[in-house]
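Two complexes, one shared chain (chain A), two partners (chain B, chain C).
Here is the complex of A and B:
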């Protein structure tokens, strides 16, 4: 059994989704003159940022053959925790950010620990964490949104530098870091190896437990970044925020060519997947199409992407 | 432990009830009344406020209150009412999840001869009493304010709640009534923001791309969405050109009205709904006279009177 240590090159899915995205953008540019404007593109980038961060996190997880359903709840907990320390004139800006990231680290680490120690499937463990997280967010906030946040904190989601919204800057930086981890580090290669064939990876001396711990912790951290961004963007820490976010994030990863059976996936693909979802919901709003249709379109695209993916695999064999 | 205590208590109460059939004057005077309450969702700030006030009022009147969370599931709510009936509570307060699907709970309680009081929203089955406000009225108040401020002429965008929910349907009806009466007001677009601030913000950003300077006012069916709209308009530098009015008067919205970023909200009195629900339940349980419909009026909140609502 061969162990794949290099990211597999799946040209059909990779370019297929890219061309599909391009095609949709061209069609939209012609159907509404408001689509292809600088300000609208900035808005799409901002709206996409949170989902993209979560999608990057879950891409790591899915590549190792796992899944994380607790993303949305982690967004809520970390957002609430950050908000608790973000009132004006209380703590310096670093405190709410570090507190939020810390909460993400703990929750993600908890996922990793339980999954590696108990051998219970990630689907079940993270399903539990999803409920625990939602409960924690409600406990910490006493069921009420936490508002009155400082201006400096609200800059994270609402400010801009040289006309570029700050969430887009975070998105670009996070993408760069995640792509480097996945493509240029040993950890990234081990992720593909674990997802591609776990027993073989273990036999070849890869510390599978360690890799999985890393993956779920990174996912928790990225969720925390998403939670902080969301809290700052809507200027409140909301305990019921982020419900269903995990599904959008998983959808972005899958549309981008990440295979749920593990071992395949790229950050670029996931980014395009997230952009595609964002572009569709933005343009259907611009065209004043009811959101009901958006859901149908999104479902068709998800299934289409997976069909394309399996067709690509057959083509290689 | 708590459950077994309640069962014991309920048992004691049942005995007490049996006794009181022969001796009505002693009813309720020596035994603590037990009221069961099932709430739509304890993740919703407004509902939590209603529940908190119910708790406070119950303490004040010296009745025991068990509050459970239906988590937006009508099925769960019906099951909760069933267990209240099995526990032998003296009265039930229900904050219905759905108009139709929560109705069986009302029937069950009525059949068991236990008074059931609907609070905040309605069911199609008629309960013992209803305590709440008429959602149609809140939208009328908001839209009238918009009509007045725009001098009866302008382009309006409306943000709906979850489609199909009683509050969304009624607020839609109320708003459209006023729009019909003011032909100069044009409904440019309407879309759901699902009661959610982040969704409303994205929607408003997209609307700004579509309609930009043509927008004169946005009516959001709740404050969460209103706040999202305000954020998006502020970011685009359009807030001083667009009127934003929403409903609920949550603390955040009151602060925004005070600051002048949100133009108006409509106050729905959570405290009054909570305390009246308990009062009515207690009266019904003691077989005293009570109003079958307690309607708590809405109030328009603008910068001029926001001080009264900020405490």
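Here is the complex of A and C:
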């Protein structure tokens, strides 16, 4: 094998999805005048925020070579738990937030624990947790939506700061923290190593179990953040909320270039993936395309993104 | 005695046929060469296989046997040379064509589908041929025909395996019989067997040999690869030896004995590749007492001192790598003790081993060495990342500095620290892995086949590096299949055979012949 020189910034293939995203935005800006307005962009940002939070979480998981199917159910459980403590004049705002995050921590930690101790594939374990979580949400809420939430709690999903919707602020902060964890910390580096070649990571003295525990726990926490945001936005703790969210999140990560075989992926890619999904469903709304067609379009985009990505990789090799 | 007489008679018969132009060769190879990126894996190979003979192919690991086999079955295309099969020029670049033309190979790892039956495995991919139907219905499975034909094959081989039995319920030896049945069901004229006895018991070997003999009687030719000397002399008619990709010679089994065969296999001069040993050792850094792991090795004891290179020699499967894995905490021992700098230690994970100062460079770089998606920098600092911490974050500047230094120290040929390791040559990948382990600052380093898949120039550099490490006070354990390397580098040599320690030789007394003798003991 001779030495091949890979320019570190191989433009088009590496940032293909980014260019595709820009192109779609430009086309939309010209074709529908309503698209490129501040209010519409804010709507897109708000709509994207929950999916993006979940997608960040699942990006960590997929980079280590795992998968998490329980995101949607975790959204429901954590949302219900937060709502239980969010009635007006009961507890201070910190309590529902911490309760929701705590529930996410426990569920994510449970995933991590079972996956690392039992060696059962993450697909199966989180499939189980998905059902368990849905059941727990129904048990805790007695099957009924929990409404009558405090104004301060409803601010999380519905409020503005200087005209910027609060969910967008949470999204930006979460993105920054996740990107830093992945790129700048030892934990982030270890995630890539575990997903890239687990036996070699272990032989390099990496505590693989610990890394996986972290990853599933972080994923649970981000799902909880999504759950709190959703509950606040719809001002109800809905036990049936979040069904199918995991698939949108996984789709965002994959469109953003995260490989399901582990070892590669970026937070920026996932963010763009989530934005792309948001922009397309928004624009199809603006263009009055029925939601039935939207699903077909979305599916084509997911497959197309991965086909283009693997074609790009082949071209590089 | 009888056997010898028979062989001599046979020899006369062959001489007679050859003299009268009735060559009974089925497969002839002349001047076959194959290079991989400039390194000659096969260099003007000659090989001649007669009808109805068992022909053993011998050579050390890396002698070119497997490359040769791969060219025969069409997995590799030779650069030059000719192969004549059944009197015709033979050029196959496709394994299924090779099979149909009558050359079958039984691989060292048995390739079967456990959930299918014996008959289904035998006819896998050829279901249409046994369906007994034509046209539209030829795709219809005919289990009755399949079972019947498989049963006939079993009978022919004289083994008692039900064609309806699922593969997963068979013993390893029985699976091998099925593989042989599959090979001859292709009407094979040549069957290649690669280490067929590596996973079966002595009793099963006897059955295998009786099958091989009956195949030979029916005119099938067998190329037999094995490291086990006793077997070679028991089963083969002729023996061909390769060394360093070159053809050394072909002799009848009766002409040779163990010692003369070993001499043919190893008889090369040790060149001036190996730097001088310092002969100045410090305190004992690692000691292993009565270390055993079931099914791998038993009662292994040795010590290594600071500055010393301990070579571990033995054939494949002798338990060398398994010992290293236990010392490095990748596997658990069943009994025995490990002492690091005189203190008894429980090493239960690589993390723990690295903390005790034990580093390991695996024989399998791809599986245990590096992370393919990562850069040289990310790989090289992977085992010592906490040293580059700046609060919560990685200090990339110190990481880059360390990487650049290691690239210079080990002369790693890369376009830079950000180059992906997967794009480097084998030797440079190896250096990255060694660099990674060195950055974890071990006192004891285990190098498992450190020059495997590495070209000659890089080999020399790795030897120099090993010597430098030893001189800096590290205790080095070097596992190698290459005898010249073991002899040239080691201060002492531990020889293993079938999981047992058979000798611990000093540099002075060790010779290739002596090591080989203990390795096959």
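Assume the second predicted complex is superposed on the first by the 302 of 317 C-alpha atoms of A that agree within 3 Å, B and C clash if a C-alpha of one lies under 4 Å from a C-alpha of the other, contacts with A are read in each partner's own complex, and residues count from 1 in each chain.
The rule is simple: a contact is a pair of C-beta atoms (placed from the backbone, for glycine too) under 8 Å apart; a residue touches a chain by one contact, two chains touch by 3 or more.
Owing to the predicted nature of the structure, the values given are computational and were not obtained by experimental measurement.
In the superposition on chain A, A:163 contacts neither chain B nor chain C. Applying the stated contact rule after C-alpha superposition, one finds that A:33 touches neither chain B nor chain C. In the superposed pair of complexes, A:264 makes contact with chain C only, with no contact to chain B. In the superposition on chain A, contact of A:43 is made with chain B only, not with chain C.
Shared-chain residue A:200: touches chain C; no touch with chain B.
In the superposition on chain A, contact of A:186 is made with chain C only, not with chain B. Overlap of the chain B and chain C contact sets on chain A: empty, with no shared residue. In the complex of the two chains, the chain C residues touching chain A come out as 37, 328, 330, 349-351, 353-355, 360, 362, 367-374, 378, 382-383, 385-386, 389, 392-394, 413-415, 418-420, 423-426, 428, 436, 440.
Across the complex, chain B is touched by residues 32, 34, 37, 39-40, 43, 46-47, 138, 142-145, 147-148, 158, 230, 233-236, 238-241, 281-282, 285-286, 288, 290-291 of chain A. Those residues of chain B lying in contact with chain A across their complex are 42-45, 48, 189, 191-192, 197-198, 201-203, 205-207, 209-210, 227-228, 231, 235, 250-252, 255. Residue ranges on chain A touching chain C, taken from their complex, read 1-6, 8, 180, 184-186, 189-190, 192-193, 196-197, 199-207, 263-264.
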